[in-house]
Amino acid sequence: MTGLEFVFVLIAALTLFSAVMVVTTPNMVRAALWLILALFGVAGTFVLLNAAFLAVVQVVVYIGAIAVLMIFAIMLTRKVMKDSGPQTNSTWGLAALIAAALFGGLTFALTRSPAATLMAPDFSTVSDPVAELGRALVSPQAYVIPFEVASVLLLAAMIGAIYVAWKK
Amino acid sequence: MGDPFALISQWFTNLLLGWGLSESAATVIRLLVGAVILATISMLTVVVLIWVERKLAGRLQDRPGPNRAGKFGLLQPIADMIKIFTKEIVTPAQADKTIFHLAPVVFIASVLLMWVVIPFTATVMGANLNVAVLYVVAVGAFGVVAVLMAGWSSNNKFALLGAFRAVAQMVSYEVPMVLALMVPVLLARSMGLTDIVNAQSVWFIVAAPIAAVIFLITSMAEVGRAPFDLLEAESEIVAGYHTEYSGMEFGMFYVAEFLHVWTIGALLGTLFLGGWRGPGAETYPLLGILYFYIKTFIGYFIVTWIRLSLPRIRIDQMLAFNWKFLTPLILVVLIFTAILDKVLEVYAVSGWGHALSMLALNVVIGWATVQALKKVEKSRQRRRPEFPPRPVAVAPKSE
Amino acid sequence: MLTNWLYVGLFIIVALVLPAVTIIVPRFIAPKKPNRIKVDVYECGIETVGEAWVQFKVQYYIFALVFLVFDIETVFLYPWAVAFDKLPLFAVMEGVLFIALLLAGLVYLWRKGVLEWA
């Protein structure tokens, strides 16, 4: 196993373990913190794919803004942090079966698809990936329309959120 | 004289390879040793900074500062450290123990991680990341999470309230900070700190003084230094999110704050004052380190000077200042800097011409801002009602 | 390039272990005598009243929300800033349009009174 594969297995194990803990832990604040760890694992995966910019963006936006927002929402609205009652309900057997079937189906489909043999994209010929991304974002042949629409979308999201959350 | 650091690194790698380790294992060990050295140097710098801060605070407040422990009080930090090491760590009842003990570690890790990307000389740095500027913002995000962890796990309403206010402050001031960081990135065409330093044939503080000032102010608010230190306002919410911490865990919060201010000085120096650049720094790396430390100390001194001179501001004043003044200002500066930079590039103006035109732009924007503020103040004056003069005490009429 | 990130990964481990060691050392040299009063949470010197929860103040959430939107905006703008050399003037104007739209959003929030603390 090469060093890269070893690191990938480590990061993937961390991400999956944190994801399982998010769903199973009864304490909500701890679930939020496990989520932060899982998102951090995703950022690590981005680094292994030579997408360093996306990795830091993941941390800045997802962990720094969205996770903080979620924690605020949890801490401000719940008096009792522990979920009361049992963790599973009566139909948990059927749910586990469906989840396992879905997992098996997805694994089967992915290993048969071209994605199974893809390697991390080789950026050694590109001098500056971030600059290329920037150029693609504003060039008329590439993504300029989504770029401007994204700003309108952010404006709409801001106005919508204020409309929902603001009481005056 | 050559580059002593490259020589040491090469010697160490050869030593490891000579012991029979594979190439990748030798790389990992070399990087690990470098990481340990960098982290230890950063934390030991704080020991020196404690003395500097207290002496500086003393002199600016017209008193001698510590002068009992050793000559000039130089052993004072040692005394402080011994005291903090031997204090009991009290865990509050029903606190979430794991998160409670993890929070100070994450908090200081978020500050230590900033030192990975800061270039000490042309060749000496932790890691030359091409996304270094956003990396610095990203590790700041971990500080925010650590504050929430600390406030929440203390099981103390004041700590929780303090944590919320601290996070509201840190998160609000991150917007103009990230935007102000974009100005040197724009001018240097790269997010990597080594590229930004290499692009500063003319220091960026000439080309973007408003962005430098805004970066300084917002970083001070991120750390929680006065005048933004209502998070530790002892008379208001005790000690905020670190009320329940004692002993070395409180020491970690304290160390993290000092290190963060020093890091702000380093970032200010790297982004706006030319980093390690100076006469002769390219040939003698040690001179580069000297210039770097001088510029970092200038930034540190300015922050401490402001801290010891201005009173604390209220949270509503602070948030209004951020959202209604700093954010629109930096957005306007960004728009005009971008346009002017492109125009100057089209006309092939660079070096001092470029810097001076940018300076002129900043002066114009600054003057326009001052005029706008004067108008706002005047309209506010007009709306304030005139009170008729009344005597302070009136004798009772009934006899 | 990946060795740089390997350094970052190793530094994360070091940055977590070193302060942890510094905190664990006092466990051996500092006294440890918890009693009921000492471990009680601090509430201005009196007994605590009620659980530790905070009155819901929507303002905290609003500020985090506005921060989120502006954060995403800056993340879009960073590649634009880095690619500045290769962009013609109208591409710069597209970026300026992006910033101007969000400036308009900020003005909207300001006029709506969302940015007040009280």
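First chain written, first letter: the chains are A, B and C, and each begins at residue 1.
Please note the rule applied: a residue touches a chain if its C-beta (ideal position, glycine included) is under 8 Å from a C-beta of that chain, and two chains touch if they have at least 3 such contacts.
Note that this is a predicted model, so its numbers are computed, not measured.
Here B-C and A-C are compared, and the pair linked by more C-beta contacts is B-C. Overall, the chain located most centrally, as judged by its C-alpha mean against the mean of all protein C-alpha atoms, is C. Averaged C-alpha coordinates put the centre of chain A at 29 Å from the centre of chain B. Our note on geometry: chain B versus chain C, Cα centroid distance of 14 Å, whole angstroms.
One finds 18 Å separating the Cα centroids of chain A and chain C.
Multi-chain contact residues of chain C, defined as those touching 2 or more other chains: 1, 5-6, 53-54, 60, 64, 66-67, 71, 75, 78, 81-85, 87, 95, 102, 109.
In chain B, the residues touching two or more other chains are 28, 129-130, 134-135, 160, 164, 167, 171, 174, 189-191.
Shared contact sites, meaning residues of chain A that touch two or more other chains, fall at 52-53, 57, 60, 64-65, 68, 72, 75-76, 128, 130-131.
The touching residues of chain A, when paired with chain B in their complex, are 3, 27, 29-30, 33, 36, 52-53, 55-57, 59-60, 63-65, 67-68, 71-72, 75-76, 128, 130-131.
Residues 1, 3-8, 10-12, 14-16, 18-20, 22-23, 25-27, 29-34, 36, 38-44, 48, 52-54, 59-60, 63-64, 66-67, 70-71, 74-75, 77-78, 81-85, 87, 89, 92-93, 95-96, 99-100, 102-103, 106-107, 109-110, 115-118 of chain C are the ones touching chain B in the complex.
Note for the complex: chain C touches chain A at residues 1-2, 5-6, 9, 51, 53-54, 56-58, 60-62, 64-69, 71-73, 75-76, 78-87, 91, 94-95, 97-98, 101-102, 104-105, 108-109, 112-114. Those residues of chain B that touch chain A in the shared complex are 24, 28, 96, 99, 129-131, 134-135, 137-142, 144-145, 148-149, 152, 160, 164, 167, 171, 174, 189-191. Chain B meets chain C in the complex at residues 27-28, 31-32, 34-36, 38-40, 43, 84-93, 95, 101, 104-106, 108-109, 112-113, 116, 126-130, 133-135, 154-158, 160-161, 164, 167-168, 171-172, 174-175, 178-179, 182, 185-186, 189-191, 238, 243-244, 247-249, 252, 315-316, 319-320, 323-324, 327-328, 331-332, 334-335, 338-339, 341-343, 345-346.
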